[in-house]
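First the structure, in the form of structure tokens, and then the observations on it.
The chains carry the letters A, B, C, D and E, assigned in the order they are written, with residues numbered from 1 in each.
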Amino acid sequence: MTYDEGQGYIVLATLLAPLVAMVLLVFVPGERKQWARYVSLFFAAIMLGLSTYIFVAYQTGPDQGAIQMEFTRDWVENTAFLGENGIQLYLGVDGISATMALLTGIVAFAGTLASWKLDYRTKDFFILFWMLVGGVYGTFFSLDLFFFFFFYELAVVPLYLLIGVWGSTRKEYGAMKLTLMLVGGSVLMWIGIFAVFNEAGLGTFSLPELWAAGEDGTLSPTFQKTFFPFMVVGCGVLAALWPFHTWSPDGHMSAPTAVSMVHAGVLMKLGAFGIIRLGIQLMPEGAEFWMPALMVLGVTGALYGATAALTQRDFKLISGYSSVSHMGYVLMGLATLTTIGVTGAVLQMFSHGVMTALVFLMIGAIYDQAHTRDIKDFGGIGKVMPLWVIFYTIAGLANVGLPGLSGFTAEFHIFVGTFQTYPVFGALAIVAAALAAAYMLRMFSVVFFGPLNPQWSGLKDVTPLEATSALLLIASMVLMGVWWSLFTDRLDLTITSLPGVTG
Amino acid sequence: MVPLENYLALSAILFSLGVYGVLARRNAILVLMAVELMLNAVSLNFIAFAAYLDPERITGAVFAIFVITVAAAEVGLALAIIIRLYRNRATSNVDEVATLKW
Amino acid sequence: MNATEVVWWVFAVATVALSAGVVFSRSVIHSAIFLIGSLGGVGAMYVILTVEFLALVQFLIYGGAVTVLILLALMLTRQSVSGEPEKVTGVQAPFGILVGGLLMAILIGSAVGTDWPNDVDDTPTNIPIETISEQLFDTFGVPFIIASVLLLVALVGAIILARQEEGDA
Amino acid sequence: MGAEQAWLLAAIPAGMFLVLVLFGRYLPRQGDYLGILAIGASFVLFFPVLVDFLDFFDAEEARLAIHESIAWSEVGDFHLRMGIYIDPITIVMFGVVTSVSLMVNIFSVGYMKGEPRYWWFFAVLQLFAASMLLLVMADNLLLLYISWELVGVCSFLLIGFYWEKRSATEAAKKAFITTRIGDVGLLIGIILLWRETGTFEIQEIIHQAEEGLIGGNMLFLSMLFVFLGCMGKSAQVPFHVWLPDAMEGPTPVSALIHAATMVVAGVYLTARLLPLFEHAGGMLMIITIVGLVTALLSGFIAFAQTDIKKVLAYSTVGQLGFMFVALGSGSVAVAMFHLMTHAFFKALLFLGSGSVIHATHHNQEMDKLGGLWRKMPITGTTFFIGCLALAGLPPLAGFWSKDEILLVTRDAWTVWAFVLLAFAAICTAFYTTRLFIRTFLGPVRDQQVHDHTHESGFIMTGPLIFLAVLACLGGFVIFHEVGEALGFPGGITEFVFLPPHEPHEYEIDWALAGASLVIALIGVWFGAFMYWNGSLARSTRLAEWNPGLYALITNKFYFDDMYQAVIDKGLLGFSYVVAWFDRYVVNDTGVDGSAQVTGYGGYLLKFLQTGRVPNYAMGIAVGVVGLAIAGLAVTL
Amino acid sequence: MERDYTLFIPEYIAAGGAVFIIALEMFWPRMRKEYAAYLTALVALAWGIAACFWIDADPETFQGVVTVDDFTTFFRVLGAGIVFVVALQSAHYMRDKVTTAGEYYGLLLIGGCGLVFMAAAREFITAYIALEVLSFSLYILVGYLRRDGLSSEASLKYILLGAFSSAMLLYGISMLYGVTGSTYYDEIAAGLADRSSDTDAAVVIGMMLILAGVGFKVSAAPFHMWAPDAYQGAPMPITAFLSTTSKAAGFALILRLFATALNADPDIWKWAVAALAALTMTAGNLLAIQQTNLKRLVAYSSIGQVGYMLVAIAAIGYGDAEVGLNASSGLLLHIAGYVISTLALFTALTAYYNKTGKDTVAGLRGLAETQPMLAMIIVVSLFSFAGLPFFAGFTTKLFMFQGSVTDELLWLVGLAVLNSFISLYYYLMIVRQMYLFGPEEGLTRFKVSPVLGVVGAALMLGVIAIGTYPAPLFEAAENAATPLFDGANGERAEAP
């Protein structure tokens, strides 16, 4: 088996790992909670390793193709409307998905550690958790429209139960709304997919071929202009595109820690990723036409989320709204259609992923003990939970865009890209970043500092497990914050080869 | 000679009367009778066609036989059901048999 | 206007009247009686169409079996022991008239408005019983067999449902 | 080692920061000596760098700067390089930063003894030194911005060092956000410049600007934004409000960050980009005006402050104003000169006050102090020197630099600018005198405080003496001979200059020197007259002479209240509105509403399902008739 | 015309088995009811296996009235499968409820035969008779709980409306017969093709009445109103039988009829089908939101499903033969997936009902605690209905819609997807009951009868299998659909 085939199998293994874990867990007796945990941890470690390998082994350099480590198996073909290679299990990695895979590995691992304490129906939780992760991996790796959508939906399926069963505040409402809004978004994608397949008339779902069709005008410009919104709004819902973002605050407020981590950390990125795959790559003309609108929505989201976060009192609401704000940046970056902007968007996807995962990890760490998330209840927590405060502060500073942490790397690219195309929006985005500082520091000074509220003198600091996952996340933040080229090199080729992306 | 249309019109009238009966009647058995009217109209249709169309195409007559057969069987079955219901509910009034709804 | 037409018209009017009686009369019993008449009228139409075999079938099955069954069932399901007629027409009657009328208009319209392609000459041709039997038992053997199964089903069903068991209401 | 390795100066403290953060807590003495070691190393290493640079430097052959850079990151045709750029300005900053940092570190060993999180304090000091050094040697605006933010964070962390105190955390928050607002401007400006020139490298940008490749308006706009950043960092009006509050931090921090180094970053950046400002028509005027206004306002406010550190803080604001005036007048050399001297004597003053505060157990209210000179002679004396320098009395450092500023102002602008500036100088002298008299002279006001007072140990007085010496002699580097003696090409004005300006040798202008002497004396005399042996009688009368004015001054011209109002009423209000909108309009109406409408549709529909056979049949019949009619309509 | 009586061997088995079972109980009244059930299952098994011998065989007709081709085979196997599962479901349920069960199982088998002949008929008389056979069995089965007023009520409604609608159907057929002079599909097609335009009125009326008739059988709005009542009143396994067989049979009939006979002149009916589809799916899903009774909810959701399936029929009318082939392959695939999911769902519900006698949504409270496996089966089948991936519904629905997409029909497909999104809501409401709430007091963990457990698990695996690897079934579906469109690139069928 040649080198590339081997690589392909690595990707396949990464995709299968969570699914295998899922199946294995089904056979673990429910009362053996510890077994379930260890099985999960084992597979999480495998995934982390494989993802890291994929990221590192992704070849940079001019002589390389953007898509590497391909793996292809025929699934259904030559049946009815499906022609040659109708549907294939066609996996592969480009710079973007390599980065996203790394993110997924990290967050999933951290999430596993974070849900160690979870004691109610542990086994079921992990089954659904791995279903979610599997869906995420699949979406990132799939180069076949059918499987892309398959896994995209698969990632949404378990959310209802994960939030509904293990969630907290207003969980039923949050879970139902989140699920419905996300699936509602994918309704638009369905329609878009049907239309695309019909219009292209290639008899195949293979994305590269469809991309080619999108570029050479087999998908007519009018068609692209018509159906681009379907795809982008469909994915945008998951990316908290304003005004389809309202699931984000409520959903995050209700979700259990690990789910919030994976959801805000990775799942929301699926939306942006989908916009790249099904929007920019599939319908360049449409992208050309619609991007200004997306830019406006992105800016709106960025400012809106930051402003709304200013006066929230619930940790998770703050993070929920700040997620809206940061995903707004991502959308802006994509909407620039410039190399720098799109790079920034991808970087921001990674950065926001690890950052928000850390934030939710910390929130969970204190909520498990305090059972309240109202920041007004706290004060001087630094006295009793110094490590917690330090981790949270680092996450917050990354959120604010402090140089040396991932946030700045990403936002800087986005700002530059935006300034290239829409200077005014760029300026607004930077203002939003200042607002981020405002709401973050507000929360810090209320919660961490000041005299200790004696009611909390009993709080324990983060457990070693939480600390481990926190350190893992922080490490990746610093990595991106300091060693930019590690990421930009991998993105460079992929993004410059995106159709319609200039500069 | 009586043209084909007459028969068709006649059966149409019978059919519509049957429809009216189904819509208007309250007693299950009356509804059933109305249905019988409709089926009659149908078989009249078939036979009229069979008789008027060219002699090779007399399938309609056969169809009519089947229709009559089925109709008869249907009546039998329906009546059995009505009686069963009457035993359970002491009514054969379709307006009162409305526990299952919404 | 020759004799056939006169006869036809007489029977047509009678049939319509009787059928109307079936659906309009206040008493179930009367309706049943009218039904017999209306069925007979249709049978007569068959005769006029010179399809005597079908007429025979009509008289036997309907006039014989069905109506008797219906009367029987009526006897079995009389609500009021005192024979005063109960309310037989529902509130929906007016709408029924409306819809029925519309449907009638449409059907008659389409029937009259259509030029029936295979209607070679405007005269009914006698359908010899041989042809019918030949068709019935040969060409349509399969449906015939299935029909037998159908009757079996109906039979079984009727027995199952109507049978009085211990503990039944 | 050569100047190319100057990055080591920053690298060493940075590494030490990691060490202290990770292990500081467990080391003996919590590793304070490691901090001093690291900073000391940079301080020592500064001299080889200096020597190497001086060998290299040659104005005639236009060997003005050393520039080293490496590729950083590439996306498409967006190539980033990071590097160091060492020229006289950088050298001056190196000197100031390393020396003052070292002194402060040493001083802190005494001052911070026994504080909680002792290790953390030193760790952050390392990080600060590293970032500050990086800032001054950055060759491109991106790297500069990065280190700019980093020093900001260090300032945030150190102001909030006593985070159990609500006031401290509030001050830290205020400082961070206020400067952050400036930074928004800075970042916008930087990216605008990139948009125009396609590069972040300062020299490249300047080059293009001189070529005239940058559109005038765009250049003005971007420089305006950049200057916003400088104002925020250097606490110029109207961004000055954070600096006085920043005094909540430990005093050594005030000395290092909020007097000597970080706050002058704005001045440094303006100096660094002065050619751009010159090409951006009108910017120099703006800079001058901002500087003047700041100098005057802070001077007035300082009159009424009774907290030692607050007085010093306002004087810092004022002195920064002076520097900006100098820059506005187009003289980098003078600005840097004053920056240097100010760094020395202001650090001295802060450390002095720190020594006092330490000695009096965290008492920094003048009303409680007085007559301390006898109790703590060394502190007193050094503090006295510092005050004289600040007041600008010859031959101390402050005199020369302030004199130079007055000179360039006079040459560059109309007489009014000169007069106003002179008046600001008088104010400076006045409140300096007041500060000194009320703290060290006059009767003892709070006996029991007085009794516990004692002179600080050498670990603290040592730095005071060192800085006092610098404050005395630092001014003389202006002279050609002194410069040459030290190995420089000449006096500082011949060393620090930006092409196309020519280096010029300083010759003393007796008239002006006399004038500035008079100015200083007036201020001092007035202060002495007001507060002689500490009696407040006269000053009270002055306050009663016009209460309105007095209130205005004591309330710092109501800047804080104004901002507070804007934030509470404006920003937070708006935020509430947005949050409400999101909840009730977007969510409840938009999202839930559509769901409820759907459900209600089902609720209405279900009543068709009456359970009655005739109704069902009616449904069928209507369906048939409808289909038939529609069919006929469609087909026929 | 040759007569090859071997063509019907599978039906001989089924019908014979039916008669045998009925007779058996007659002569051995004390026979345990389960035996009848298992016996039926065996017969159904034999039936299905026998049917498999015709897979990929060349189409053979019996005197041109019925034909045994892959299409017929597809539904033979499907019908046999349905009967097999339903029989096993019924075993305990019927034992607890009735005194005589022989007829019940006999009727199951005969109903299945009716289904097969509806699929096989190439001619109206046969189709009609077969239809009535199935309907009669269903009438009886729905009313089989003799002492249960609801059961009888449902049965009455069903038979009255059924007779009413079949009268409509017949009248329509008579119209077409009048125009084309034949009841054979192919001759009708020919007749429709070369008729003069002044017969339009009759053709339109005929087709509309036929549409109404078959629409009733598959419970398409506005002819759907019987369905919820019949479903709710019927014994639970029969609800399963009803919701699978009547749909499958109805669509078998519709497919062959519309694809061969009526496709000669699609302009007359295609819009009507599209309209019915839109109406049906919307009504079904909206009404389902309001339901509290499980059977009734499933009834409405199945009405919604019918709406989706009608989209494919509409596509046959709108598109050319190729589109027709794609659409009907998708439709067959979807029917198979739908049938399996429904059976899985009802297996679980029956098992639960046998334990607790509850058939309301709220009755499922805390099932995840008391019987995780049942809960899992239910969730899987519900998600399959909702068209979530991993489960059959996603793939089948996607293929069916993809096959049906033409430029004119995109709106309808969009509406369908939107509806399946709405449907997710009420499915989640069931899931909510099972997973988010604890069980009521006294309800502790219980075991399900092994038979039901195994059947349910097997079906669930089937759902997942179709959802993850649809290729074989999809190819089978295409082969089944090919005979309807022979000439329309039939060569695809041979491709591996």
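The rule is simple: a residue touches a chain if its C-beta (ideal position, glycine included) is under 8 Å from a C-beta of that chain, and two chains touch if they have at least 3 such contacts.
Everything numeric here is computed off the predicted structure, so don't read it as measured data.
Chains that touch both subunit C and subunit D are the following: B, E. Most remote from subunit E, judged by the distance between CA-atom centroids, is D. Counting contacting C-beta pairs between every two chains, the top pair is B-C. The greatest centre-to-centre gap from subunit C, using C-alpha centroids, is found for D. Among the chains present, the centre nearest to the common Cα mean is that of A. As a whole-number value, the distance joining the C-alpha centres of subunit A and subunit D reads 38 Å.
Spacing of subunit A relative to subunit B, judged by their CA centroids, is 64 angstrom. Centres computed as Cα averages put subunit B at a distance of 6 Å from subunit C. Separation between the centroids of subunit B and subunit E, computed from CA atoms only, is 26 Å.
Multi-chain contact residues of subunit C (touching two or more other chains): 90, 92, 95-96, 99-100, 103, 106-107, 110-111, 116, 118, 139-140, 143, 147, 150, 154, 157, 161, 168-169.
Listed for subunit A are residues 180, each touching two or more other chains.
Each of the following residues of subunit D touches two or more other chains: 595, 606, 609, 611, 613-615, 617-618, 621-622, 624, 628, 632. Inter-chain contacts, as defined above, occur between A-D, A-E, B-C, B-D, B-E, C-D, C-E, D-E. Only residues 614-615, 618, 621-622, 624-625, 628-629, 632 of subunit D touch subunit C when the two sit together in their complex.
Interface of subunit E with subunit A (complex): residues 325-326, 329-330, 368, 372, 383, 388-390, 394, 398-399, 401-403, 405-407, 410, 413-414, 417-418, 420-421, 424-425, 428, 431-432, 435-436, 469-471, 474-475, 477-478, 481, 492, 495-496. Those residues of subunit C lying in contact with subunit E across their complex are 106-107, 109-111, 113-118, 138-143, 146-147, 149-150, 152-154, 156-157, 160-161, 165, 167-169. Here subunit C touches subunit B in the complex through residues 2, 4-5, 8, 12, 15-16, 19-20, 22-23, 28, 31-32, 35, 38-39, 42, 45-46, 48-51, 53-54, 57-58, 61-62, 65-66, 69-70, 72-74, 76-77, 79, 86-90, 92-93, 95-97, 99-101, 103-104, 107-108, 111-112, 116, 118-120, 122-127, 131-132, 135-136, 139-140, 143, 147, 150-151, 154-155, 157-159, 161-162, 164, 168-169, going by the rule given at the top. Touching subunit D in their complex are the following residues of subunit E: 156-157, 160-161, 164-165, 168, 200-201, 203-205, 207-209, 211-212, 215-216, 221-223, 225-226, 228-229, 267-269, 271-272, 275, 283, 285-290, 422, 425.
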